[in-house]
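Paired with chain B in one complex and with chain C in the other, chain A is shared by the two complexes that follow.
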Partner chain A sequence: MNDTKSVALVVREEVRDAWLRGWGPWLMVGVAFALSGVAVGVAYTSQINLLDAREGVAILVRLAIGLGLLFVLFGAADSISGERDRATLESLLLTPVEHSSLVLGKAIAAMAWWLVTFLVATPYVLAVGTGPGGALDALAVVATAGLAMAVFFGFGAVLISARARTNLVSLGLALLAVGVLAVPGLLPAAVTRGPIGQFILRADPVTSSLQLLNRVVVDQHSFASEVTWLASPVIAAVIVVAAVVVGVRTVEIEPGS
Partner chain B sequence: MNAVDSHRISKRYGERLALDEVSFTASNNQVTGLLGPNGAGKTTLIRVLTTLLAPSGGEFSILGHTDPEKIRSVVGVLPESAGFPKRKRAIDYLSYHGALYGVHWSDARKLGMDLLSEVGLGDRWSDRIGTFSRGMRQRLGIARALINEPPVLFLDEPTLGLDPGGKRNVLDLVRRLADERGAAIVLTSHLLDEIERICDRAVILDRGRVVYDAAVTDRLADTFLEVTT
Partner chain C sequence: MRRMLLLTALCVLGAVTVALPVSAQEGPVVAVDQESVDTVIGTETVMMVEISNSGTAPTGPLVAHLLVVDPAGGGSADAEDWTSELNRPLDSLAPGEAHTIEWDVAPIMAGDYRVLISVVPIDGGPPSVSPQIRFTVSQPDALVSGATLPVAIAVPVIAIGAALVTRRIERTVAHRPT
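Then we have the complex of A and B:
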């Protein structure tokens, strides 16, 4: 069977599983509730001048990006090891579809979590950030750095899922990887001021994306002047996509056996 | 030409030898039973023959094919303790698998409806799989194994966990598939009476080795008793 057709088939079915038969719509209702609460809080505190409008938008965007990436991560980390745990993987591997097409299809389908979260969050960002709040700047950061991170998280988690013996291992390793990548962002300013610290901030895709958000939305720098912060998220995304496309030729029913 | 032709297949997991130079054949219109106690290597053999596991040694062909992708397109498999997506409707499950075999969606759906009727689930086509009993799920699994209209069918412990009525239904269905479709069916079981009831030939596996390979006769029961006691 044609590879592109197989990938499209898997994407279609995975998206239907998550959004027609699964938890997708209900989780998005939860996201809308969370964003509503934060948006009301941000609007109120901005009005009484306790919070700068742009800082408020940044909080909203961080929440939307965080939730979207979490959904992508969990969806992708479950995609293959979850089927292995539920004993549904074997029947998929027995079809003549190439294993690489199955993996690629599942990775692409995980991006739907990001896309829908982005669509749900957009009206909130526009409502809170219109005028001095820099809503369009914020959406530009979400659409670029956020998308690159979603690809990095999604394809990376699928890579882990394809090789993990159990779903618990897959989810644990994916969360551990994200935790490690978040560490540079927690370093004290004194450490990151020097050239080595700056290199670490720029090399880490997670921290680099947050730096871009802060500089564009909070500090009001132009997106063009800070675009170099996009380098590591984009490079990281390209590397994991290449690893999935080139590196996963076979999926084993019992990894390591 | 034999439908299944395996020659001295071995499979090693580290130090443990799961299959030790297993040779056997299976023919069209016949149900061949793979009998053996738990851990004898039946599931490993099925996984090797259906290309899910690479053998450590030996060779095999299915209808003369040795290429894994070709083999997967001509076999149907019901894996041991197969899982099912509980939220999917039976017809959607079959249609998707049909499409994975290259059948157009609308044709896969029609084929799925025909298969559901054939396995006695015609009136449950729109129900979620999560509402099915274990016996119904096994019959759905057999329908899925038939979605590519395979000339060779592997059924790994198809009656596992079923009540007596469910077992009878599944075994009758398997026999009918061999008689009416002319398929070569390889069925594994650890229960002698199942093999005696519907199989034309039997192969007994014991700790990865073939200890019996002949028609179903009284000697089968004697050999199986020796293996299990």
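Then we have the complex of A and C:
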């Protein structure tokens, strides 16, 4: 089977597993309820002011991106090491599909979690964002920064999953990576004002994406004027995709054995 | 006659006392182009602020600073929330020279506020303050979109419907004879 066909086959089967046979649609019901609660909560506070209204949109956008990334991360981190844990990897590797196509297909299929979360979140961002203004800019942040991070974490988690002996290791490492990359965002403003601090903010894909979100949604700068903050998330995503496409040629039943 | 002289002296002293604040004023003089502004939350207002040197010596470098006062004390009077340019550095003004700056402000909360511009000589000297501008800020209904509640109800309902449909499709596919 040629590469494109086999990748498409893997994607189709994985998407079916998650969205027809699995819990995907019901998890999205949960996402919808969570976003509804937050949307109503931020919109109808008793003493709303413009800053709170913008911050409310930012909370909604962060929640949408965060939930989407979480699903992508769990789906992708489970993709190969999960098959290993469930002892189904061996039979999967016996199918006439190249290992690289298998890994690539699973990584692409994990993006479905992001796509569906984005579709569910879109009406909320547009509705809540219309009040204080900048709804389309907020949606542009979700679509671009969110997608770049989803690709980065999704493909990165699949890369880890292909090498990890157990699902626990795979999930643990993926979550650790998220935690480490979130640290620069917690640095005090005094540290990030200098050139080194600014470099760290721009180089870290997670912090850079959050900076873009704050500047566009809270500070109401136009998306076009802040688009340079997308550089590191996009570069990181491209590097990780290249690493999956070029770097994973074989999948071992027991890595390192 | 003595009473006449005393009365004259008191009048002269009074006149000097009244005239003193003007004649003795040194450094920059700050003027604004508006006395009051009626606006709504988030709407940008451009204030024209003229800083002039009415003294006989250069002012030295100056910094103009925006002040927002809430006399009722209940609203947000944090000037940083109103403008992205809280401080505006200015070059020294020669005697008689004036400089006009535009200041964009956008209130973030409804209320009745007083906005002032203070100008401080960096090298020392007395600060100057503009006359106050009264900002009456009202809240637009549009701050909360009317679509929020319908969306918050409709999307979960649609999501539940979609989940039930996918389950039915899967059952149909699973029971289809191969």
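In this text, the second predicted complex is superposed on the first by the 249 of 257 C-alpha atoms of A that agree within 3 Å, B and C clash if a C-alpha of one lies under 4 Å from a C-alpha of the other, contacts with A are read in each partner's own complex, and residues count from 1 in each chain.
Note that in this section contacts are C-beta pairs under 8 Å (C-beta built on N, C-alpha and C of every residue); 3 or more make two chains touch, one makes a residue touch a chain.
Small disclaimer: the values here were computed from a predicted structure and weren't measured.
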| item | value |
| --- | --- |
| Which of chain B and chain C A:39 touches, first, second, both or neither | second |
| Touching partner for A:91 - first (chain B), second (chain C), both, neither | first |
| First, second, both or neither for A:6, with chain B first and chain C second | first |
| First (chain B), second (chain C), both or neither touched by A:123 | second |
| First, second, both or neither for A:21, with chain B first and chain C second | both |
| Chain B versus chain C, judged by how many residues of chain A each one touches | C |
| On chain A, the residue positions that both chain B and chain C contact, one per complex | 21 |
| Contact footprint of chain B on chain A as seen in their complex | 1, 6, 9, 13, 17, 21-22, 86-88, 90-98, 253-254, 257 |
| Contacting residues of chain C [partner chain A, same complex] | 41-42, 76, 81, 84, 106-110, 139, 142-145, 147-156, 158-160, 162-163, 166-167, 169-170, 173 |
| Chain B residues within the chain A interface of the complex | 13, 47, 50, 52-53, 69, 72-73, 75, 77, 79, 81-85, 87-88, 96-97, 99-102, 141, 144 |
| Footprint of chain C on chain A - complex, ascending | 19-21, 24-26, 28-29, 31-33, 35-37, 39-40, 43-44, 48-51, 53, 120, 123-124, 126-133, 219 |
